[in-house]
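These notes are about the structure you will find just below.
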């Protein structure tokens, strides 16, 4: 059975990627998981400089989901390269670095720096974080902003460029198209849904940042729909995520059109999920006689629903 | 290395309308646990509730010499603690651990003074055993809302732990906060002392303050909302002092839950 | 304690409204619930003509939510007036009729017909149903479309006009503003999120219509955020909904800015929810010394989060 | 008027690795239930699973003359049926009912022929009792995958119900589908007969076809996915014939689950 997939020039041994911000810098899990068995690790979102992020409370649980407003606490790109990458290389991890900027120039600068670093395999352009005021989502919410960031980054890097799209838009497929037109090697989606929870006893928001991003199983049906729409609109690979918590969920995204999938929130619940996902996908492929996982991508059959009697 | 065990409930003892002690068949985790470490538990089939919740390991449960599992001391405040309260023998609870930075037990001549507020008693059973092995003289300052919520007194007493009790309503021990008898004792003692504290953050802040006043070292175990317990989510951060009077956020699931009290920056500074 | 609220010229005895499409025509529940105790009933979405709707399967459960693609099966406005309204009048129900059109003219025609019918108290303009191809959501996804429908309907009716907004947009507050500018008496939100579920064993969509609308507790945090945004943008009342299943949930919406709330999916789970919601809200008002529910509307306090230490 | 009862589990009997009979303390609902009606159940605290699921009332459970509750015959196929299978005495299951249009029991001289496929047996215990009260002669055509999945045979036999069994693997009764012995019996009988059928939709379609062929009236109980069970959601629709050769969708929770077979339009017409 062949689980490998291709994202631009990057070949992943399997389609399972740890989602950005949900796996620390990867090294945190090295004790529990052989990081080289993951398709890839999307790093925590990195700015040029270190950031403190938002005061706690930073997360709150909601029905089948969670809100987060971490605020991109991070060590900055230089310490990432100096302190984390060497260990990730040693552990054999495939590294997709998730980059965040407040301005277009910052994205370009980050791309430049990371392109020279050994062990970086792709760049995920975070133009979709709902938790910071500057930059980010303001690019990701428009076709122009998306086009501009992607084309600027493409000019300075040989690495595969993967803009990460926000679901907080009217037409995500048109944003994916803008990314493709700008030369993106793939798109990844969805980032979190802008959301809010209020403590009725105190009448205050439950998050210090007032609003945060919703992730987890709750959002899965919306994310699957968006992946399906993007797959029908662009030719570049789509990396799907949003609430994946089992092999069946991962397969649902793949069948909807995702070439690879990311797992975020479910990793918090089960850090050992990766081998279960692999086993479940392999079992499915065996049962259905699927030799290459790539053959499943976008295989959803919308034409042949068994026809019920239709109104005359 | 943490493990994830689908642990059977061996016993569930209700101590009061809100408190229970639940014993879980997770011997692999129990055997590896050091005092002050925690597990992340989840007791559910569907995805609501979704996230695990952190609980200190209360006791290492043995049958003869064999480790059978671990127990948790739980106070019912929401959905998961309600599930733990209602659980019956034979139920299965998913248990991930051991996790976090443990207490550092002192040896004589230093004395160990444990300060517990309410369910903050939880890490002190295992710590007591580690201290006894080292032969350290131990005291437990234990405060609760009311006398009926002071648990396991015989357990500690039978192990030679000196008990100093206090309740907010005065129904048992001294009336008032647990930090009052602590401060008085510090004033009177001439021994070398290490303070260990666990309880509400306001209590930890007060303990740190008192400890600082008497230049006594203190280790405090903090409770922050934890999404993963393994360093993945950055939800559990707490501000610590940096050189140069600056502060920064560290993850309390990795750098803690036990911190040197003087490293922490408190809300009211 | 005063639970009454005002939506334009309409006074509701309490802020609890049965959401459109989730309470049949109301009469289905007359055996179980005294309909006059509800703040109002939003009727199932009505077109001019009867409609068959989509073939089953029309619903599928998802984590803490459900997808539906009913396709607005309905008896049409004329049979509604002839067969349902008389009984609703007899039962003392307050009726908000939810209207759907494929063209602007159809909305106008519906408004005209219903304005002459005895026992209709307000019109909810459904420009947000994700389950039909024509009309509906194509108006609701743009400021212009929303403005046009609302102003056209306002011209022909004296009834309060409440456009129901879709959450499948980048900026729901700007749509609410367009509705206000067009003379809307209130806005209601959210309708369902466009979503999808695939059966991996058959690789076919689980709904006959391929896509459907996500409702239920899963979407609540997104809906609360949208209500909060609209409340800060428009002066007309906001009617909030999306996953309300308890008094605490209803209060969360009210505190976020909803003058009234609708309950849809939770009614399927518990048809007797109404008295529990009322009891829970009354208990809250007692405990917090709130005399008029109207005083709670939009009372969320975003300024005074207890300040944690903030990064220097 | 339907009621919603938080019903305690009185007993849970596993009949096979997939089938169980669970008894719920909901006497108010049981007392009002007519044969073929259903309840909507939910056994969960959080919101996953979210919706209730429909189950036929299997038995009205009595202790002496007092109605204690009702039982459900459940086949484990997903999340809620798993919860019902795993439930233990004392658990609480939310039960809403009775709902839906019941069977119309015939009186002599008409005979009653019940046709059950698998878990489609469920409505026939209460129907049998109603038919016995009327003194009607009753037969049960009962088919399953295999002999081990034919349940409650003694129950029906002891009440004088004639049993005609069939299994797909031939391990008990005739090999093959339950419609084969039904068709044969219809060919041979000279009595007036009312057919009652419950089972997979393909089976109901076949039964309707056979009934039509022999001009025998039939009442079938259909299973559609139901979101609410009370007419609120329009999820459960099924096409029925209209005058003029047209068809339209009706809600099977209100107009059904029991329909006159000849009113329904089947998938394969």
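Each chain carries a letter (A, B, C and D) given by its place in the written order, and its residues are counted from 1.
Keep this in mind: a contact is a pair of C-beta atoms (placed from the backbone, for glycine too) under 8 Å apart; a residue touches a chain by one contact, two chains touch by 3 or more.
All figures in this text were calculated on a predicted structure; none of them were measured in a lab.
Any chain touching subunit A that also touches subunit B appears here: C, D. The distance from the centre of subunit C to the centre of subunit D, with each centre set as the mean of the Cα atoms, comes to 36 Å.
Subunit A and subunit D have CA centres that are 47 Å apart.
Centres computed as Cα averages put subunit A at a distance of 32 Å from subunit C. Centres computed as Cα averages put subunit B at a distance of 54 Å from subunit D.
The set of subunit C residues touching two or more other chains comprises 52-53, 56, 63-65, 216-218, 307-309, 311. Within subunit D, residues 46-49, 248-249 each touch two or more of the remaining chains. Under the stated contact rule, the graph of chain-to-chain touches is complete, every pair of chains being in contact. For subunit C in complex with subunit D, the residues that touch the partner chain are 21-24, 28-29, 31-32, 44, 52-53, 56-61, 63-66, 68, 70, 73, 216-218, 245, 265, 267-272. Considering their complex, residues 1-2, 4, 42, 46-52, 96, 224-225, 227-228, 230-238, 248-249, 254 of subunit B touch subunit A. Those residues of subunit B that touch subunit C in the shared complex are 46-48, 239, 246-249, 265, 267, 269.
The residues of subunit A lying in touch with subunit D in their complex are 63-64, 217, 306-309, 311-312.
Partner subunit C is touched in their complex by these residues of subunit A: 52-53, 55-56, 62-65, 67, 141, 168-170, 193-198, 200, 202-205, 208, 210-211, 214, 216-222, 224-225, 228, 243, 248, 251-252, 255-256, 284, 299-302, 304-305, 307-311.
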